[in-house]
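Naming follows writing order (A, B, C, D, E and F), and every chain is counted from residue 1.
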Amino acid sequence: MRFAIQINEGPYTHQASDTAYQFTKAALEKGHEIFRVFFYHDGVNNGTRYTVPPQDDRNLQKLWSELAEKYKLDLVVCIAAAQRRGILDANEAKRQGKDGDNIAPGFRISGLGQLIEAGIQADRLIVFGD
Amino acid sequence: MSTLHTVNKSAYERNALKSCLDHALPGDAILLIEDGVLAARKGGSIAPALTAAKASCKIYALGPDLAARGIVAGQVLEGIETVDYAGFVDLAAGASRVCAWL
Amino acid sequence: MSDEQAKKKFFYLNRKAPYGTIYALESLEVVLIGAAFEQDVSLAFVDDGVFQLMDNQDAAGTGMKGFSKIYRALGDYEVRKLYVEKESLETRGLSIEDLMPITYEDENEDYAEKPSIILVGKSELAKIIADQDVVMSF
Amino acid sequence: MSTLHTVNKSAYERNALKSCLDHALPGDAILLIEDGVLAARKGGSIAPALTAAKASCKIYALGPDLAARGIVAGQVLEGIETVDYAGFVDLAAGASRVCAWL
Amino acid sequence: MSDEQAKKKFFYLNRKAPYGTIYALESLEVVLIGAAFEQDVSLAFVDDGVFQLMDNQDAAGTGMKGFSKIYRALGDYEVRKLYVEKESLETRGLSIEDLMPITYEDENEDYAEKPSIILVGKSELAKIIADQDVVMSF
Amino acid sequence: MRFAIQINEGPYTHQASDTAYQFTKAALEKGHEIFRVFFYHDGVNNGTRYTVPPQDDRNLQKLWSELAEKYKLDLVVCIAAAQRRGILDANEAKRQGKDGDNIAPGFRISGLGQLIEAGIQADRLIVFGD
């Protein structure tokens, strides 16, 4: 079966990203397909490579990046939500006249249409949030 | 075909579980996750509402979330089935849609 | 997605008040983008979500951007089914007269203005949810 | 000396206002801000609890937050005073401590 | 701040369950740092905050870091007043036996172990709040 | 009177930062002193200069930076909370081996002791959060 995942909250503050990660990993290990993971609202904050969580804690950004690499996951950060919250890739940084970017490996910035498309293409959309 | 409803909020703090129970149809499944599992503990004031809902819906709670919050096996309300993340995936795959009560 | 058979039923579940959190606004942004995909779209306003449709919203004093006008424009985006739950209104002492008027032009009836808001009871809404393909929660 | 309690959550969604009312002492002030002002509207199911609290506490609502949510002057419960941000500052300065019910 | 007169009463109001959100953990981090400032410190566990003190917490299966052991160490930081509200426990079907034992060593009584958890009714807690200088809410 | 302000949530998602800003501005205009504004939890996300909100919307980071400049405000971002969420200044970036930083003008990163000190030094601490 083909799943799509929507994550509405950033890492650490709410459990949403943790639960979504465990669900996604379990689905992949069962042989299901993940069409896309879409990060919306504060969820875009999962995609910054600037985080440095305590050494004895999980690093959610790295967990997502590694899962993406292993399974060729499509991790999409919503551009409108990212602009409000300060998540940039090199292109966006240039376009907005910012002096740096912070997107993490395996994440890409794109539009809300990618969420709608995920809803259309996937058999099930699962939303994790506050 | 049936719906899988997820509830991730404490029923003691917010109205999400109540709203979910108000909109679940007979044959639907309800999965308590994150702080939502707090409602699954025996003896709480929300227990009668969950027990009543069991007559028409199947109710599940996510085991790792129960454990994190110190709710051990014998303390879970009778008839609520504990599942792991793989079980969550199966429930989502088995329903026709998933409705999150955020 | 021009094939009628391929249309999916998208359902936006709005349960939160506007302004205190951004969910109402960012939900609307999904609805507007989603309209271009020509799916079957319904919005539901349940619990505090009914406050999103309150008439006379004026956010200027808070420094935040008001966005209530967008709801009125939904008809132009072919978004015409706004289910509002009766019980949620009643609990909050509200009636449909407290909500802003939202209409669309019916191209099959000489572009007559018709109301987009549909009052439903919670048992009716439960059946509507059970008929959807994709439920987006905010 | 008295406490200023702030409540920024909808009483229809969460238990913050109820918890605040349970812990306010006679002579304390309660200020509804952000989504907390939704409780100040006449006719809602939470109105009787606020009306009862008025007997011992002074209750305020932040005007800009009422306006944002479409609650106009005549719709605010009798006896709830509307203040602006400067009034919020005065209330905080006038109390001995501020307790936020988040 | 060595002058006894200058001590302020700091009150940490914990109303949220652990793990679903980070507030419980980051509140504890403030308490630990704050201990070095030698103020008069009280913690209150009200509403879902009482779940923070549940015994037998095991977060391993969620991938999150468990932190319940920190509560047991509070005594070593001279944090000895943990008010737990009776009514909050009762609503949730809990009793003090469901909470982890938290103690401190009383240096005035030959380092005898004494309980840090103090059960209080809500009217009693209301009076405790009215006696504080600084209320930190999470 | 001397106030201290604690902000627990990031910009836009919750109203906390907006309300805190309006309160702080009103207090200053009334002649009160603001001892410190302390950004904790997701509140640290108010301090990134990478945000690009829609042009017709307020820019909370800029509003805070400007208020800080006008009134010499002390805007402190909690270091522990910032590490979890990816807010860095140049020092932190170097220390953590990151290739850039995103702190906004007028904000500084420091420890939780600054919040306790604010509680001690101010006449009133006001907390804005979720």
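The criterion applied here is as follows: a residue touches a chain if its C-beta (ideal position, glycine included) is under 8 Å from a C-beta of that chain, and two chains touch if they have at least 3 such contacts.
Quick caveat, the model's predicted, so the values are computed rather than measured.
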Which chains make contact with subunit C and with subunit E at once?
-> A, B, D, F
Check: interface with higher C-beta contact count, B-E vs D-E, is B-E
Which chain lies the greatest distance away from subunit C when centres are computed from Cα atoms alone?
-> E
Farthest CA centroid from subunit F: chain B
Taking shared numbers over all numbers used, above half giving same and below half different, the subunit A and subunit F interface sides are same
Averaged over CA atoms, how far is the centre of subunit C from the centre of subunit D? Could you give it in whole Å?
-> 29
Could you give the separation in Å between the centres of subunit B and subunit F, each centre being the mean of its C-alpha atoms?
-> 38
Give, as an integer number of Å, the spacing between the C-alpha centres of subunit F and subunit D.
-> 26
Each of the following residues of subunit A touches two or more other chains, namely 8, 12-13, 15, 19, 22, 41, 54, 80, 125, 127, 129
Where does subunit E touch two or more other chains at once, residue-wise?
-> 19-22, 47, 62, 64, 133-135, 137-138
Pull out every residue in subunit D that's touching 2 or more other chains.
-> 8, 12-13, 15, 34-35, 64, 84, 97-98, 100, 102
Touching pairs of chains in this structure are A-B, A-C, A-E, A-F, B-C, B-D, B-E, C-D, C-F, D-E, D-F, E-F
Along subunit D, where are the residues that touch subunit B in the complex?
-> 12-15
Residue numbers on subunit F that touch subunit E, as the complex places them = 6, 8, 40-41, 80-81, 111-113, 115-117, 119-120, 125, 127, 129
Residue positions on subunit E within touch of subunit D in the complex are 13, 15, 46-47, 87, 122, 125-127, 129-130, 132-135, 137-138
Touch list for subunit D against partner subunit E, complex = 2-3, 15-16, 19, 22-25, 28, 97-102
Residues of subunit D that touch subunit F when the two form their complex | 6, 8, 33-35, 62, 64, 84-86, 88-90, 92-93, 95, 97-98, 100, 102
